[in-house]
Structure formats: C-alpha cells, structure tokens
Amino acid sequence: MNPTEFPTGSSMFSFLEEIWPYCRSITGNGVRSTLQAIKQHLPDLRIHEFPSGSSALDWTIPDEWNISRASVSTLSGEVLIDVAANNLHIVGYSVPFNGIVSRVELLEHIHTLKDQPDVIPYVTSYYKKRWGFCVPHRDLVRFSDEYYHVQIDSRLEPGSLSIGEWVLPGTSSREILFSTYCCHPSMANDQLSGIGLAVFLACWLREQPERRYTYRFLFLPEMIGSATYLEHHREWLKEKVIAAFNLTCVGDEHTWSYLPSRSGGTLSDKAVQHLLDFYTQESQHYTWNDRGSDESMFCAPGIDIPMVSLMRSKYGTFDAYHTSADRLGETVTAKGLQESFDMYLRLLTALDQNGYPITKILGEPQLGKRGLYPDLSIKGSTDGVKQLLNVLSYCDGQHDLFDIGNKARVNVEEVLALMELFVKHDLVEICDEPSKK
Amino acid sequence: MNPTEFPTGSSMFSFLEEIWPYCRSITGNGVRSTLQAIKQHLPDLRIHEFPSGSSALDWTIPDEWNISRASVSTLSGEVLIDVAANNLHIVGYSVPFNGIVSRVELLEHIHTLKDQPDVIPYVTSYYKKRWGFCVPHRDLVRFSDEYYHVQIDSRLEPGSLSIGEWVLPGTSSREILFSTYCCHPSMANDQLSGIGLAVFLACWLREQPERRYTYRFLFLPEMIGSATYLEHHREWLKEKVIAAFNLTCVGDEHTWSYLPSRSGGTLSDKAVQHLLDFYTQESQHYTWNDRGSDESMFCAPGIDIPMVSLMRSKYGTFDAYHTSADRLGETVTAKGLQESFDMYLRLLTALDQNGYPITKILGEPQLGKRGLYPDLSIKGSTDGVKQLLNVLSYCDGQHDLFDIGNKARVNVEEVLALMELFVKHDLVEICDEPSKK
Amino acid sequence: MNPTEFPTGSSMFSFLEEIWPYCRSITGNGVRSTLQAIKQHLPDLRIHEFPSGSSALDWTIPDEWNISRASVSTLSGEVLIDVAANNLHIVGYSVPFNGIVSRVELLEHIHTLKDQPDVIPYVTSYYKKRWGFCVPHRDLVRFSDEYYHVQIDSRLEPGSLSIGEWVLPGTSSREILFSTYCCHPSMANDQLSGIGLAVFLACWLREQPERRYTYRFLFLPEMIGSATYLEHHREWLKEKVIAAFNLTCVGDEHTWSYLPSRSGGTLSDKAVQHLLDFYTQESQHYTWNDRGSDESMFCAPGIDIPMVSLMRSKYGTFDAYHTSADRLGETVTAKGLQESFDMYLRLLTALDQNGYPITKILGEPQLGKRGLYPDLSIKGSTDGVKQLLNVLSYCDGQHDLFDIGNKARVNVEEVLALMELFVKHDLVEICDEPSKK
C-alpha cells in the first residue's frame, strides 16, 4: 500500500457541495439522503436502521424527525424566516406547529447569539418537545409586528435511526476504525469535512492492491449513533480494533490539533503524536478533558476503544463553529481537505505496515558488502548512512515503526523505506508482536 | 462527615495559652501536665507510661527528668537567670547542681546564639550528663562578677516516659494516624501548634455522626517517643495505617510546606499534593532530605508508615525556630491555626470518603433524562456540565478521588460533591480498592 | 580498593609517545608492535590471532596488510610524499603499486580535506582494493609535473587479525569490561589515549590488594575486532559483564562527554551519569544516535553488553579528529590523561564496592551512643550529621550506592566513606542484590 497521486481536494469539495443542503438531524431523511450520496461512492455501503424505542446503551432511540417546510411570516404575508433558505433556521427536532402567535410568544421561540450577531446559531432539542427558530441576532429588529404566522410542517413519530457502515477486509482480522458523524445540518468543517474525508479514504483504500488490516468506516449520528452501534458491536470492536479515529473538523488550513484517547498511550495516540512531531511545524495538543464528540462513547470506561481525533481547528475553538458561518469555501477549502487526506494517508500507510522489526544478524551488519556503505572511509564519508544505522540498531523486536522513528529522529515514511531495504537485504524481519525479551 | 463551622482558631489559641507554661521535656511532669490538659478535651485519652531503661527500637528510655527551680545569682543575691521566668533558660535534662562557680566556669555552662543576640536558645542534653543555662547573647555583659551562685533543683532518676493516645474507631479497621510531639518547652509554632491542631481535629471527628476509618492520635516525645511506640505497635501500624501525618508548625500564616514520606507516592503524599495544588496559590515542596522530626522513625526502612508533614513554615526555616521568639501571638495566630484546621478538615473529609468510583453504566450516560443536562443545545450550553462529564469519565475503577481531581482539574471537594450526585443517580459505585483490569 | 597517588599523567604520555610511530591498521605488524608495547606493562597480556577468512558475526576477517615503505616522487627524484614522514600519508590497506603515473591519474589517488587544508586526512579502504595517498590540501600545488613515480611496498595476503586481552580475576565471576581499539595509525586522542588509559588502569588494578569483580581489558581493531571477539565470547560476556566501557578520546582537557548504551538505564549508564552530575561543572550528554565506535557491536540487538563511553571531547566533534592534527601534546596532554585516569578510578572504585546497603536496625538509630551525633542539641548543631542520616535513611536494600548518592545529593565517594563507617558500627550490611520487598 503506497500513497499515490489521488486528486482528492477538489473532488472532496465537490462532494461536500452536493450533500450540503440536506437537512440532517440524528434521525430522518436528511441522514438517509446523505448516506445515499455516500453510497454513490461506496456502493457496498450497508445502511442499518434501528427502530425508535430501541435501547442504545444508556440511551433510547427517539422518534424519527422529518421536516418539509417551516416559516415565520407577518400577518400581511411577508416571510421573515424560511427554513428553505437555510436549514439552521429551524431548531432541530421542532414539533409541528401552525398558528398565530404574539410577538412576545414568538420571541420566546427564537434563538440568537448576541456575541455573533450576524450568524444563525445551530440549535437542537432532541429530548424535550418544543419548537423554535434561529436567526442572526441583528435580525431581531425585523420582528416589530404584534402578531405572526408560524408554520412548522414537521413529523416526530416512530421510525428509525440510520447508520452507514463500510468494511474493507484485510488479511488480518484486526481492524482500524474510522467514525464520523452525519447528524448536523448545513455546516462545513464541523460536519461535512469528516464525511468527505471518510469517503475518500475509503475509496483510496479500496483501490489499493492489498492491505493487512480490516478497515471499518462508520457514518452515524453523533452520540446516539455511536451508543446504538456500541450496543450491538462493542465486544467485537474491543477485541479487534487496534486503532480508531474520529474524523471531524478536517477541512480548514489551520494548525493541526490532537485530542487523545481517554487513557492515552494507545497505538492511535502514538501514531498521531509521531505525525505531528515529524510533519508539522507546530500543533495543538488537547487533553481528554477537552473532548466533545463520539470518543466520549467509544473511549468510555469499560468500552475503551482506542479512539483519537486528528483535526485541524478543533470544534469549539473557531468562531464559525456551530453557526451558519461554518460554510464551504470559508472554513473548509479544497486545499485543507487535500492536506488532511495526505496526512491521513501517511497515517494509514504507516499503521498498515507497522510491526516490530527484528534484526536477523548479530552485531552491526557489514553494510559495505551489500553496497550500503561507502568503500572509502574519510572524515564525514559515513554521515549519510548514520540514519540507516540508527534505524537498524533499534530493530530489536521491542520497538514498532513509530518508536523507531521517534528514537532515531526519522519520520515514519523514511523508516518504512529503510525497512523495505532491510527486508530486501534480509537484514530484518518484521513481526506482528514485540518479541519476548 | 462534612466540614462544619467549628469555631477553632481562637479556642485553639486559648488552649495553647493554657499549656504554654509547662516545662516539658522528653520525660517528666511537664509532659504529664500537658497530657492532662489534653485529657480535658479528650477524656478518653489513654496515657501510657514506659519505664526508664526499657528498649525503644535502637534506643533506651532514659531516666525521668523533673525540675522545680533553677537560677543563677550574684553572691550579693541579684538573680541573673531564673527558669521561672522562661523555661528555655535551663538546658533540658540539666543535672542537679548547687554551688558557687567562677565566672569562667559559669560561662562554660551558658549557651547563647551570637547571630540572634536577643533570644534565648532552646538547648537539651538528654544523653550526656551536664548542666547549663541559656540566655540571650546580649545578656552576657551582665555576668561581670567574679563568682556566682548556681542552684539547679532537678531530679534525674528512674521513672517513665509518657505517651498520650486517643483512638476513634471507624467502620473499617484501617487507620489514619496523626502524630504530634509534646516534649518541647515553651515554644509556639514548633511545639504547641501541633498539639492544638491534633486535639481539635480529634474533637471535631468525635462530633461527626460517622466515619469510615479508625483515627489514631499520638502525643509523644519526639524521636524517643515514636521509637517507644513503634517498639510495641509497628506491625499493627504497618498493616492498618493507610495515611499518616506528623502535625507540627501549623500555627503561622505563611506559605504552606510539604515534607514527603521517605518513598514518596503514598496516599498521604498524593492527598497533600492535591490540596496544595488546588487550594494554595503557591507552596513549598521539600524533599525527604529536609526532614527533621518523627517521620525519621515512622518512615524508616522496614517500618515504612506513610507519614508526611503538611506545615506552614517548616521547622528550621524561620528565625524564631528553637528560640524564645517562637511565641504565641507572634509565630502562631488564631487565624493561622484556623486555616490549618480548615485545610486538615478538607484532607480528613476527602480521605475518609476516598475510594475508586466505577461507572455502573456503559458509555456516556444520558444525563438529560436525569435532569443533569440542558434540554436545549446551543453553542456554549453544555460548558457547565463539562466538569461533571470529565469527572464521570474517569470513574473507571482505576482512579481514586484525588487522581480524578488531578486529571479533571477539579478540587477534591467538588469531586466529592459530584460523587454524591452520581451515587444518588445510580451512575457510579465507589469501591474500596481499584478494580481488576 | 582505594584510589591512591599514582603518577600516571606523564607516564601515560611517555607510553603514548613510544607507540605513536607504529603504522597500525586493522591487521598487521603495526597492531602487533602496539600489543608488544602493552605487554611490557602487562606481561600476562594474551595476544590472540584470528586467521584471515574467519567469520566474525556478519563479517569476514580480511587479508593481513603490512607496508614497508611508500612514496611519490618526481621523475627527477624529488620525494613529494613519503610515508616514513607520517603514516597517515598512505590510505590504509593500499595495495602494492610501483610505476609511473600521469598527474591526472595520480590526483585520482590523492585525498585531501578542502575545509582543513593544512592537515593530512586519515583514509582507509579495507574492503575495496585500491591504493592512495593523503596530503594536506594546500600541498596539491606541489604536484605540477606531468608524471610521477609511485612506489607502494605493501603486502595484502592471508595472515591474521590480532587481539590483546588482559584479565584480572576477582572474587566474583562477574566482570567489568574495558574495550579500546588499536587500529588507527598515528593519532593521539582518537587512538592512543584510550590505549594508554586502559594500560594504566589495568596496572593500577593489579597493584590493589583485592577486588570484587573480574576485570577484562580488550585491545582490538575497531568493529572487525569486536565482531571477532563477540563471535567467540558473546554468550559469556552477556552472562558475566555487569558494566562495560569503551575507552576512547580520553586525553584532552575539554568538557566531559557521555555516550549511553543502546537501551540506556544500565549500571554503566547510571554510574557515569552520577559521576558527571557530581564531579563535573557541566558535561555533554549524547544519545545512542551519536555513537561511532565498538558499542555498535557490543550493544547491538541480541548482544546487549551494557557498554557506554565516558570521554572528554567526543570523536567526530573536534577539528583535529581523523587528521594529522590529532597529535600528542596538542589534542592530548599529560594533564588530560591524568584527569581521565582519576575519573575512571572513581568509577572503578565505586563500581567494585557497589551494592545494596540495608539497615540492620529498625527506626533511626541512636547515633549519639556511637559517638556519631552531637551530645548537646542547639539550633544548627545537627547540620553536620544530616548528610549521614540521609544516606543512612536510603539503606533499605532497594537502592545501590549511586541511587543513594543521587537521592541524598552526595557523591559516591562520600557515600562509600559513610558505608565504611556504617559497617564498622554494624548499622548496615551491603548486599549484592536488591532485597525482596
């Protein structure tokens, strides 16, 4: 499996434009449309439906929510809010309503962000029945009439929660897991970017001639979706998954961010820390306390899937987060998507070929007879082979490729290239597990 | 067990004024009077007497020393030193003497501190027989006569060493140990403050409706007293004591100080480090090399009781230390005593309720249905529950309350309050021991 | 075993002057002459010969190389290069040649260092057959004729590789190993200094009345020599050697340098780190990645002898390295040699007496009755015994002398002196192994 030229930045961006308008929530047709769009790229995507009322760990799958249209108008017919214009205008899971309300009553149902008066906030009320609209704070001045006509054509009734799952088997039954959520309406970095990256990484993997591990991609509603999936598959995952990643906020061009697993120190943590150390100028390392997504389920005590997040700007830290300003072309760019794709390819490639190299030769090998060492020794002549010798010296069956890179101060791609050379010269063999001391 | 308003600063101070004048040493009636005064507050205090000549680990209990009066006068009858004025004037364990001595001979028996010419130093000679007096260095000029009358009415003869012990049983046989020494004459911070804090902590504990651990308070002569106690009880202590504290120098208002156990890393160390981290602006962390009190016995190799000291100004570091300047109202204040009491209450309360919480629910629980989570989600709406979720996420049976506080960056009292909430909602149970992995 | 006045700096320097002119290489009579000179000091030095063609781990012992003379002259008879003047002039392992060559052809065989135009570089070609000369870069101007007479009277034919070995048995079968290489021609710090230090340390050891460990000194050609020795003795060494040192670059007066073992954390590493911490103002700590000598063989995966280097200026870091400027009196001084000798004596002495002291007395002992504690207690009177008490408090059977010194902040010689006192007073016994907890 080798990284190739894979024109993804702009393709990903186009795909995100396609799924942008769907009015997603934790259940309903917005999610299904999104999964269908993913299926265009990944035809063997399986879509699982879990009925309302089913248990999902400590949670219960709520009724399914769908909305066809919603608006607020003056009594003279002027439309002041129309969800068709931006699906952030409606509070997620708003119950149906149709009637005339006073200004005072309406304002109790309208949500704004005073600190960011130009943007529509993203608001939901999944588990308490209410209706509401969201508008930019500065638009409140437009609500000067005494009465308004509110129309919300939504349905909240038994249905099901949808999860997309795509699995690519490897030669090993051990797995690398990618999870991304698909329940947010039209927001770019904190929604679409993760889906786009997941889809294109899956496509790239499928095109590779071989791979060691099984790759599992989950597209699920945040929290309730991971609880639902874990309700059924946690034992399996705990046994099989060696590394897991929550794909989110991977579309901008800012400093890389890392959110560790709950315990820290897993292979996922080690791999991501290595990448940030060797491939970025600077990066932001958060703690588990800063988390805010599906790792809360996957890493919970007793579940303990080794999930980390390698992001650009972490959710919650950028102004546009959870507002209408989180928009394609602004928070997310084709360049940002391409960079994330490239970084994750490095990660995948290294993880898939990771192992514990062990030398087959006692003592430092004579590299000269293998053409790997200068035949004339003069001051400085061996500077060029020091890195090779350092990497080789850590091939003791106790260090994996990331450990070796860290100790020899060499990035994992160079370690991989050297391993190929070493294997070719029969200098090392690479074991799946650390050797017994 | 909850901290309550417990008017202690001024009560402690008054108690210390009461026991100030007793002429304490490692044996004798000064100690007994002190223990009797303690018994007024703790009627079931047991007073153990160990006869002179008995073994105390590597030590032997010396003869008992008592003194009724001692003075130095001119031959014309002018009293130049009178121990009645300050019992620091006499070298502890001075042998009886009555006679006329020359100026030269007298000065060989007079001790001063050149660097602190205004104070009387604290001097003892427990194991070598001699007599002596202590005066401020600047008073030496008063000794201009040729001859002096020295009178020391002391007795040094077989008797016993006294140790006070007060035990409050808990539901567990495991113990928390407090030790304080009672062998120094009239000095405030490096003597009385520890006794006062011990007595009032014991009183407070006795008034609590329940407690988990057994609490043992020892009032003993420094070093020889702890050796004596350990001679008889070390196996028991080693088996039962989970945390131990040497109470000394807890009466001033300066920066908190911490002296670790010999090995470090015990529960006592962890608890004190947490308190200093979360409840003080700054603190002074000493090493085991800086010790100077009973921990030398309790933490010695093979004994290894986990004893630490949480002090204000550490002994040996303040000018007044071991001099007549270590005086009530100067080095020790009611406010300082109250602050120490409050800090130790936190410590006691947290230790008594400490344990290893483990979640009873797989995955992040749905807090909304328990009324612990906002029912409307908008940017920032869950900031207030992040701390709760962080604390909950570490309830994996591997972390105790201090660990959880350290990881979630929450002080242990807030952790305790959350545990109460979690237990009430049946979210966690708190185990005595870490769970098996 | 105690360090004594041992006049070594100037004796070592004289010895190095004696062996300076031998034209050493990895085989041949230059090495043998050097070993014979060593044998003058260590009559029971054993000299092992390993025939050309023998296996040495991954290597094969090459043909033996000897050279009687070599020169380049003009056709008119002016000698431009004569190896008799400096044996760095000839490329090591140059094949025989006798003939007239053009200027162009000659220059292809001449090596210089452009960046250091005044010095002759040290060049070898052990495994590729070629001939060549080395000159200062600025001397190239002297080669203005069209043709030259080249004469190299060398022999490259089956023979043997020579290794010197000197063993001093101790009461324990466990060993401390010193290795130094003897294959470089006339260079002072990066060749002779290591040999000199090894010889004189061995002499000193032989004069001591007793020692615990067996001491093994190896004088071998770098890399191929250690591979040869390990081919035959690696199992033995791995079982017996508790600490190992590669002696090189120990003749100058600059900052001390430390190159760790591959794994780090061995007794060799701990001892050297302690010495640098307590006996030097500053020191340079390198990593395993910076290595460049026999530790590459001795510490290789699967061999894992705990070898470190304690040097002055590390090879490769000083300008004169591997050039004719690495000269006695310039890079190496009698004072530098003496300082290295003194430092290694400390190391040897501490290692030989190292162990895990354990107190024979429960609790802090009464030092007063042993005359080790002041009999009068006054502020400051016990300052002088704090160090003694600290050292004693770590005698718990878990810390060796270096650990104790590190924790008590006392250098290992003072720890040793205290141990002698403790043993005399029957306070501790010193065990070979840590005690079971």
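Letters are used for the chains, namely A, B and C, taken in the order the chains are written, and counting of residues starts over at 1 for each.
Here, a contact is a pair of C-beta atoms (placed from the backbone, for glycine too) under 8 Å apart; a residue touches a chain by one contact, two chains touch by 3 or more.
No experiment lies behind these values; they were computed from the predicted model shown.
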Open item on the list: Looking only at residue numbers at the chain B/chain C interface, is the share used by both copies over half or under half? Answer same or different.
Closed with: different
TODO: Tell me the angle, as a multiple of 5 degrees, of the rotation that maps chain A onto chain B over the C-alpha atoms.
DONE: 120
Open item on the list: Centroid of chain B to centroid of chain C, CA atoms only: how many Å?
Closed with: 54
TODO: Any chance you could list the residues of chain C touching two or more other chains?
DONE: none
TODO: Using the touch definition up top, name the residues of chain B that touch chain A in the complex.
DONE: 358-359, 361-366, 368-369, 375-379, 386, 389-390, 393, 395-397, 407-409
Task: chain B partner contacts - residues on chain A that touch it in the complex - done: 57-60, 91, 111, 113, 121-128, 130, 132, 223, 226-227, 230, 234, 262, 288-289, 296-297, 299-303, 321-323
